[in-house]
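Some structures are shown below for you to check.
In what follows, subunit A forms one complex with subunit B and a second complex with subunit C.
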Partner chain A sequence: MNHFEVFELPRKLGIDTAELQRRFYALSRRWHPDFHQAAPPEAQARALEASARLNAAYRTLRDPIARVEYLVRLEEGRPTREGAAVGPTAPPELLEEMFEIQEALAEAKAGGLDADGHRRLAAERDRLVARHRDEEARLAGPLAAAWDAADAGERPRVLAACKQALATRAYLATVIDDLTEALGESQEGHVTHRRH
Partner chain B sequence: MAYSDKVVDHYNNPRNVGSFTKDTPGVGTGLVGAPECGDVMKLQIKVNLDTGVIEDARFKTFGCGSAIASSSLATEWLKGKTVDEAGKIKNTDIVNELRLPPVKIHCSVLAEDAIKAALADYRDKHGDALAGAEAPTASA
Partner chain C sequence: MSRIVGIDLGTTNSLVAFVEGTAGLPRVIPDAEGRTLLPSIVAFTPDGVLVGDAARRQLVRRPESTVYSVKRLMGRGYEDIKDELCYFPYKVLPCEGIVKIDLGGRAVTPPEVSAIILKALRERAEAYLGEPVEKAVVTVPAYFNDSQRQATKDAGRIAGLDVVRIVNEPTAASLAYGLHRLEAGVIAVYDLGGGTFDVSLLRVKDGVFEVLATHGNTRLGGDDFDRAIVLWLLDDIRARHDAYLGRDAEAMQELRLAAEAAKIRLSSDERTTLTIPFDAFTYHREITRADVEGLVGRLVDATLGPCRLALADAGLAPADVDEVVLVGGSTRVPLVRRRVQELFGRTPHSQLNPDEVVAAGAAVQAHILEGGFTNMLLLDVTPLSLGIETLGGIVSVLVPRNTTIPTSARELFTTSVDGQAVVDMHVVQGERELAKDCRSLARFELGGIAPMPAGMPKIEVVFLIDANGILQVTAKELRTGKAAAIEVKPTYGLSEADVERMVEDSFAYAEADVEARLLIETRNEADTVITHVERALRQGGELVAADERAAIRRALEELTRVRGGADRDLIHERTVALNRATEHLAERMMDAALKGALGSKRAAEIMASRGDA
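And then the complex of A and B:
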């Protein structure tokens, strides 16, 4: 059962989150382990499983970006394990740009950051944060609407556009984190991405 | 996570870091990335236009230790190979050499993609003819 089916929703991106929350509460009550304590062990196990599935589905679908990510995975039917992923491709210009920013950042770090350099990096970071926000707005807005309106023939094209926007957002998040860290402004909560 | 000694070695002493000017005759450039982790990898080859042999290779990678080690190793392997031989390098060769754990296999895939992209760029610019007698890129 996929996350949309848990809520008996069609595979669409336009979801009324207030309505989603109402359904979540109703289903939570139905499956909460506390209400199944007197049931036979198999029924208890079933309730527990349904409860966990419900929580996972809610966590994903209430977030408009996670929702698109999930839809892409679902539509492609690909395993989510690393290594098996067919990487969504970002536009070549974006890669070029990310590379240049990383290069400039490495140079700035190597040379020590003076006040001017600090200001330049901060401005760059702010510019990228704005783009990151734009990309998310595009995913949650026009792209989600395009998916919902698309017929079967148009879907692959919309899905590809979603993947590209997700890839762009991921690259931007990394470079924003790297810039923020270099600026010494790292703070928990702001960090969306970490390398290991 | 425990990196293998070979990964640590390449990470601490990366081979062939740097870049060639893109438009130099014989140079092929591959720029690839992995959006899941935000890594970007640039790998370049410099081919002897008379022999079709890769004389030199460079890389610059912004990413995790395994991504750096994978591309560093790739540049070592590329040197001395013909363009055709270079196309046969597989990510699994890199995985075996560096003993990459399953969660790091995508780093080796990225390195293989970078090699392929560099070779494709070289072929684009110089044609497929191995004895590159007609290398028309030098406009200067």
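And then the complex of A and C:
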């Protein structure tokens, strides 16, 4: 059973999250182990498994980006493996700029940053954060809508565009992390985006 | 379904509660004297084991065999805690991954000590309810890792309790508040107890309590406030009396108890007086709330980082939080309240007793499991990321922190050498990128793999975190469909055989019966009074007339003579008589100690302000 099926939803990216939450709560009431304490062991095991599947499905589908990543994996026939659907790739139009940033990063690591270099890197980082946000907005907005409207013939093209956007986003996240670290602003315990 | 009680197994105090069927309200169960808090202290005396208030009275007399704050040791390895050990008067030794407490001739593990506390609560509940109690919901700090949760479950088993659910303390508190006091919305629970700190953010809606994120520190609590005060007192005593008491275990316990009592008084008063009689001198000084705030400010600030991280993980700003709930005795400290209010920008709730609210919530969860409160549902999260070590010691995360539980993750493993029959994997918990910086949970050995060329076997391993936040691992070889044999070597924790043995031992060591225990308590009380009177006579005997001194000596002898006997009432009677005979002397000694320092303030008032420390 895939995540969409868990919620009896069509394989579409436009999801009403308030309705999703309502269904999640209702299904939790059906499957959560709390309500199966007195059941025989096999029934308890079934409830535990169903509950774990429900939680995974909700975690993925409530987040518009995780939703696209999951759809890509599902369409490519490898829905069980958690983690990134696509590896990070630098967007072609940013290649030259990225080269400069990497150089500045290497310099920063080698010799520390002066105030001017710090300012430049911080400005660069903020620009990339904005770009990252745009990429996410594109995924959650127009690309998701394009998928939902596409017929079978158009789907491979939309899926490829989604993959491209996800790869760009993953790449930007890595560079933003590196920049943040070089700027000495990374927070202990905050390694969340490294995982994706 | 049989009755399930809710237990708060705290660092400082433990409680047991249940939901009264007719009223549908949680009720904390008192002991025969009406006390609801059971101090989480266990004293191992030559006459037997004491727990609670009786054990508390042994702290100064038998510091090396009276175990307090054992929760800080649960599920930990020696390396984790060795920096803290200098604060404990009892001896902690490394022992095959876990630690043991050396009592001279006998060593006990932290789960065995916790089991003694759980058993006392169980007996209290059985006496009150008039029926056997075999099942419990036990709370743990939300930020407890897998080993610490497992250790708590083991403690339950040793105490003869089936721990049907481990619940996170802040979440339990939210259930207690949720019965009547919360509107739908986002709530933050700030829980600062004796030894641990948690913050949890929840969305409450239609009876569902969905935890959005949790964060914390399992080594930060009121104990640390006390330590900061004790260190300051040590310096002050060195400066004023030219004495260093840091290596005197009994004096350190006196100081710790006095610091704790002063801290508690300063939650309501602006200033208080400490008077501690030592053998060579009596220490006396005034301490203000501002003094203590200066000492603990850094510790209070250390709770704010986890609050911000939890907000970030939940994707919320402080302003999104609709209500804030305070839990844990340490939230009585005014500075804590101020900081929490500043962070969230609203006045926190504290209508329910912060010492009792977690136990009440555990009882609510117990009632849900019994089939009551059918409208309520708690959806909790796992506090720490779960991962496996991969090439180069890098952690590959399988379950990110703050994932709703139960949850599962699958991973495929294969072999790297032809004919390889065994595959190893190392499971860790934590947020760091390198396995060595995370918490090692267990090493698994997948065995019985049929001989195949390298890379051919496909072993699917399922990591399932259950509703208790405890990991279960199963494995299957996909080509043959056979379940793979898994051997688990937990990095920290008791083996199944260990727990079995301890369950048996706990019966062997079981305290005889209630009467025998009361006799031990009475004797110990007599011993305490005898020690105090002997010291008083030595230090200040000349302050009273000779015939009065003689009367005291007579009362002392009379008590000493009956102390070893079995007549509990007689021992008690003589103890009271000796106390009465010494009252006047004690007062004279106080007056003498304070002369000059306080002017006209009466000694009796000073004594009263010392509380029962």
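In the analysis below, the second predicted complex is superposed on the first by the 163 of 196 C-alpha atoms of A that agree within 3 Å, B and C clash if a C-alpha of one lies under 4 Å from a C-alpha of the other, contacts with A are read in each partner's own complex, and residues count from 1 in each chain.
Here, a contact is a pair of C-beta atoms (placed from the backbone, for glycine too) under 8 Å apart; a residue touches a chain by one contact, two chains touch by 3 or more.
These numbers come from a predicted model, not from an experiment.
By the touch criterion defined above, A:Ala170 reaches subunit B but does not reach subunit C.
Contact with subunit C, but none with subunit B, is seen for A:His32 once the two complexes are overlaid on the shared chain.
Of the two partner chains placed by superposition, only subunit B is touched by A:Pro92; subunit C is not.
In the superposition on chain A, contact is made by A:Ser51 with subunit C only, not with subunit B.
Contacts of A:Glu103 after superposition on the shared chain: subunit B is touched, whereas subunit C is not. Taken together, the two complexes place residues 82, 195 of subunit A in contact with subunit B and also with subunit C.
Looking at the complex, you find that subunit B touches subunit A at residues 1, 31-40, 42, 60, 62-64, 102-103, 105-106, 109. Residues of subunit A touching subunit C in their complex: 25, 28-29, 32-34, 37-38, 48-49, 51-53, 55-56, 58-59, 80-82, 187, 189-192, 194-195.
Every residue of subunit C that touches subunit A in the complex is listed here, in rising order: 1, 164-165, 205-206, 208, 210, 215, 309, 312-313, 368-371, 377-379, 385, 397-398, 400, 403-410, 431-433, 464, 466-467. Of all residues in subunit A, only 82-83, 85, 87-88, 90, 92, 95-96, 98-99, 102-103, 106, 166-168, 170-171, 173-175, 178, 193, 195-196 touch subunit B in the complex they form.
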